[in-house]
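Shared chain: chain A. Partners: chain B in the first complex, chain C in the second.
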Partner chain A sequence: MEALAISNYDNIFKRYDLVSEGSGQGIMATAKDADLQKIMECVIEGETDDILGLVDEALTKLDPMVIINDALIKGMNEVSRLWDEGTYYLPQVILASDAMLAGIELCEKKMGKSMEKKGIVVTHTAEGDIHDLGQKIVNALLRANGYEVIDLGKDVPVDTVVNAVKQYKPVMVTGTALMTTTMTAFEKISNRLSAAGLEIPFVCGGGAVSEEYVTGYKLGVFGKDASQAPGMAADAVNGGTWQELREKYNG
Partner chain B sequence: MPKFEKMAYDSAEEMIFGTAKSPVQYGRDFVVGGGYVYPELVPHPRPGTEKSQKTLVKEYEKMVTDVLDRCVAIGIPGIQVELEHVYQMTKNPAWGGEIAAQVKRLMENYHRKYGLKSAIRATIADYRKPDEEKVWDSLALETMLEAFEASAAGGADNLSIETVGGKEITDYAIVRQDIRGVVFGIGVLGSLDMEYTWKKIVKIADKYGVTPGGDTNCAQANVAMFMAGGYQDRSVPHSFAALTRAVAAARSLVAYEQGAKGPTKDCGYEDVVTKAITGVPIAMEGKTSACAHSDLLGNLVMACCDLWSNEAVEYHDMFGGTTTAVFAEILGYDVALMNTAIELGKARDLQQMMVLSDKYRDHHGFILAPDNAYEIGKAIVANNGSYYARSRAAAMKAGELMLGDPLLRMSAFEKEALQSSMAQLEAMPENEQDFIDNCCEIYKKQVRGFEPKNYGL
Partner chain C sequence: MNSRDRVLAALKGEAVDRPPVISVCQHATYEQMDELGAAWPEAHARGDKMAALAMGGFTMLGLDAVRVPFCQTHEAEALGAKIKDAGRTGVPSVEVHPYKIGDQPQFPDDFLERGRIPQLLQAVRILKENIGDQVIIIGGIVGPYTVATNLVGIDDMLRTSFKKPEKVVPFLELAEKAGTVLANALVEAGADVICVEDMMTSLDLVSPKIYRSLAAPYEKKQFSGINAPTIIHICGKLDAIMTDIAETGPSAISIEPVVDVKLALEEFSKKGIKMPLIGGVDPVRTLFSGTPEEVRREVEKALEDGFSMISPGCSVAPASPLENLLAIVDTVKEKK
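After this line comes the complex of A and B, so read on.
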């Protein structure tokens, strides 16, 4: 049988992914000196293998906080910008975060103490749910943006989440679920936190989780995408209540 | 070890919807791949109904009754219903068993009363945590096997699963665009885990005289595909997700090497390759699964299907009835169109229209078009020395095909991502043990909880 052929696909589908291609500005950031520039480029390129040697060498000449602020964090900020403008994809952000955190760890060893974090966020995946990739992405993005993450992992019972909030006093707690039949644990957590007077934003998202469901219980703020997590945490650190976050991100 | 050495079909042109080389018969006069396509409806319970066995059984009873009523209302000749276990149905095997039994009772009534052909697939939830427990020696696995037994005893005709072996590595690799990790996680660890678990599943199926169905790489390749998302998403390159799918094709074969007969699981987008190699009937989903997730191959993926599915639809009211009834109707008319084409001798024309609608829309549809899927299948069987070799070969063939067809347009970023992965694939060792040793050393350091011994390594 003769094969059918189409010479023009324009009225069948349109490749919108190619419409805005190349409109980004590309890499723009520069560092103060050559050593810092190399480290910053490692972060921007996500070079986890090379960064340790470069940071080690720089630590013989420079203050660790200078390396952190003027190369590692600066590189990560540039990566965030490249992601925002559509030049980078998530893997480039995750690899950059890996590189930055490896560099920071070396600097912290040299300082003999951990650098001050912007705030604590407790994260978990709902009881009965083993699909925690969304949570892992949230963790990586929060850490890349300077937050301490208390990672409770997956299939986490309600009690464990409530106890962690009591113990660590985070600015925000997050919950991830793939299935609608596991997300029902979120409402129980919300009730328990409210009863204990722990009225912090409880950001829930993932898979089949919907805004309608999450905004149906107290503390609930719907997280549509993992990339929103650092912004939400920043708002919580600045005193944003769960009602204010819900107003800003939902509805 | 891999077993398939040749293709079941002589060419891609021979593959068509509704007919498989090895049809399967079960249930109430239900034949899959025997000349016609049937719908497979997957209902999903509303949140809150999972709180007890009683409420969940009641929910399934209502959902399935609506499906069967709609079949009778509009004249659908036959239907398969998938009981895709929510966690609670597997964790409490008796729940899944009772739901299967209740659905069987309903189906028998409709068969007796109207002659409606029907069958039940029970898909057990794999809730093992590969980074926290021994995947082959855990309470979770023990409970899952009990759930298979309870479902088979209750009335399931087809036993299926979405195994998660290697997911700890693949979750790490997908978000880092690490093709080596994908080949290791899906192609090696996933295959080893399937070999182990499917021996047990087939044994249970044989014990109860039911059909061992299939296994999809939903937990990994679908993660990559869904993260790649639509044209405006920037989570995972689409070209990389397509490579992941090709690796999944090599991995999902293991179920059939261990004795599974199909029809395969609906969300296994790689199943067109499975059909080309094994000849088993396949269940597919596309535009009709938009209720559960979006994809870029809604029509193309129907091209070789034997069951046509909706993935999962949560039970709610719509203007046209409940969601399960509405989706049964949508699937029913899609299937009626395919079967009309078969009766008119126009199946090949309709298939080509399905394919041309989406072949160049995105990378995933491109590699799963029957001609390209067939080529990937050939690469798999030609490299059957090890799970690793055939997984790597599948990815390389998919990459070659994508780079070799100018009609598949790519952004510079997508092309660079693909070329980078191809360079990594080419640089990988020829020998499986060398690859495994290398990966164990790397990922033991990088992935918390990864334990090679859990996979017999």
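After this line comes the complex of A and C, so read on.
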């Protein structure tokens, strides 16, 4: 099994020219059996076409939750690592996330219900700002770690964010802004949320935003890199307050 | 040397009395809008207001060049995109992408009469007539990969570039043609230099492989088709592709301060490339949130690092204070 896995990685390298593109260590994850291994590789390679057939076949033998956790999410976690070390670029992260979500959808159909989520997170990109790539990575990594993401998209008015928090009761809300003209919406959201007694962590990130700015208003926790989002959500699920998150991740 | 001679000499790599100071990307600010009586959104859409606001680059900031337009949506609009206005404070953006992957896009015969392109050309004529003998007029266009992205949307553009690159080719061909036709119309109207912003080819978005296979060939074709000197601008950390960019054949490259300039110049000289680099000042950290003193230090470092022309490294945020912009020009003049 192990040997099979390793020869497959060679193929991945050749196919996508990863050896010459990145400085990192390449793909290191391995799954528990051959079916799971193939599915995991589909996620890592962003094979949105092949993954459906493979998941379908695996579902005849394996429990859907095993496929989700030990292949789909495992593959996406590997993608997250490859992104962190600079081996993967944005297109690969988008494709891997597509493949993972397509696979999860099939498994959920088989279960007849959605997989149990660890918690809900509302994400958005600030009003007037269409720079939503950071948010997309945040969404992909949160989903890969078992959170339900309410994706409000880009250019989202303050009202919409506040209403979504009221409606979905998330453990955490995130904001992305890449422009100095748009990040000021975060402070307004923070004021509106605390006035309504909705004191959840409001993790803000994106090119223009600095730790100094974000920690200048209530609820604000600065997110430097998208890969911090799942850990922050886990802390929030475990009852971490915005003050505790700020203490842990900022300063 | 006057501003015109200085910029043109620097673009050719010839000796100058002092490095030119320009702003390759948009640099209108609210203070300039108030002072000049020409503000967004009118200045995005009306030639006279566009010219009046652009003039500030020369009359208020003392730059060696002026530039139009202030947004990056003229080509996309003329090719069918729906544009969202951002009022007085922001720049227009693409709201609805006109095509999807698989479509066969067509170049419209009346391209130059579409959308706000006639007004953009009018702005260049007004600038040429009024200050064209004293200062360089930069006409801005958007690069092929970026226009193509605006036509189909960024997610599908990135997905398809990676998995089925041949399917983005029709959009790249159309986008290259649109930009080159617009560039030559700008030159005819009086532009001296064409700036090509291809920000979607930043390594924040694409891999070096995608840059080399899908962006660079069309940039190269575009530069060779434009009847004037060209400046390419790409955002972000580009160390891995600096020589690839140089080999597409622009007259100069504009970069953000995150690029390792010394390394790039070393690699250029190893390959026998003589390519002026433009930039040096961080538009957000320094120009928007910094002080004139910080601007001064950054400009001095940029001159030491080997920039041939000093410029903000990317679009200037419109709320940036005037005194910070003035400090760029002052520092370069004093150093001389």
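Basically, the second predicted complex is superposed on the first by the 193 of 251 C-alpha atoms of A that agree within 3 Å, B and C clash if a C-alpha of one lies under 4 Å from a C-alpha of the other, contacts with A are read in each partner's own complex, and residues count from 1 in each chain.
Methods note: contacts are C-beta pairs under 8 Å (C-beta built on N, C-alpha and C of every residue); 3 or more make two chains touch, one makes a residue touch a chain.
Everything numeric in this text was worked out from a predicted model, so none of it was measured.
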item: Which superposed partner A:Glu116 touches (first chain B, second chain C, both, neither); value: neither
item: Touched partner set for A:Met179, first chain B, second chain C, both or neither; value: both
item: Partner chain in contact with A:Ile137 - chain B first, chain C second, else both or neither; value: first
item: Contacts of A:Ala208 with chain B and chain C, given as first, second, both or neither; value: both
item: Comparison of chain B and chain C by chain A residues contacted; value: B
item: First, second, both or neither for A:Gly128, with chain B first and chain C second; value: both
item: Touched partner set for A:Pro91, first chain B, second chain C, both or neither; value: both
item: Doubly contacted residues of chain A, that is, touched by chain B and again by chain C; value: 17, 21, 89-92, 94-95, 98, 128, 130, 133, 136, 179-181, 208
item: Touching residues (chain side chain B, partner chain A) in the complex; value: 13, 44-51, 86-88, 91, 127-129, 132, 164, 171, 174-177, 219, 223, 227, 231-232, 234-237, 240, 314, 348-349, 352-353, 356-358, 360-361, 409, 411-413, 417
item: Complex interface listing, chain A residues touching chain C; value: 17, 21, 46, 89-92, 94-95, 98, 128, 130, 133, 136, 179-181, 207-208
item: Residues of chain C that touch chain A when the two form their complex; value: 86, 89-90, 93, 154-155, 158-159, 161-163, 203-210, 284, 288-289, 317-319
item: Chain B-touching residues of chain A, taken from the complex the two chains share; value: 1, 3-4, 6, 9, 12-13, 15-18, 21-22, 83, 86-92, 94-95, 98, 128-133, 136-137, 140, 153-155, 179-184, 208, 213
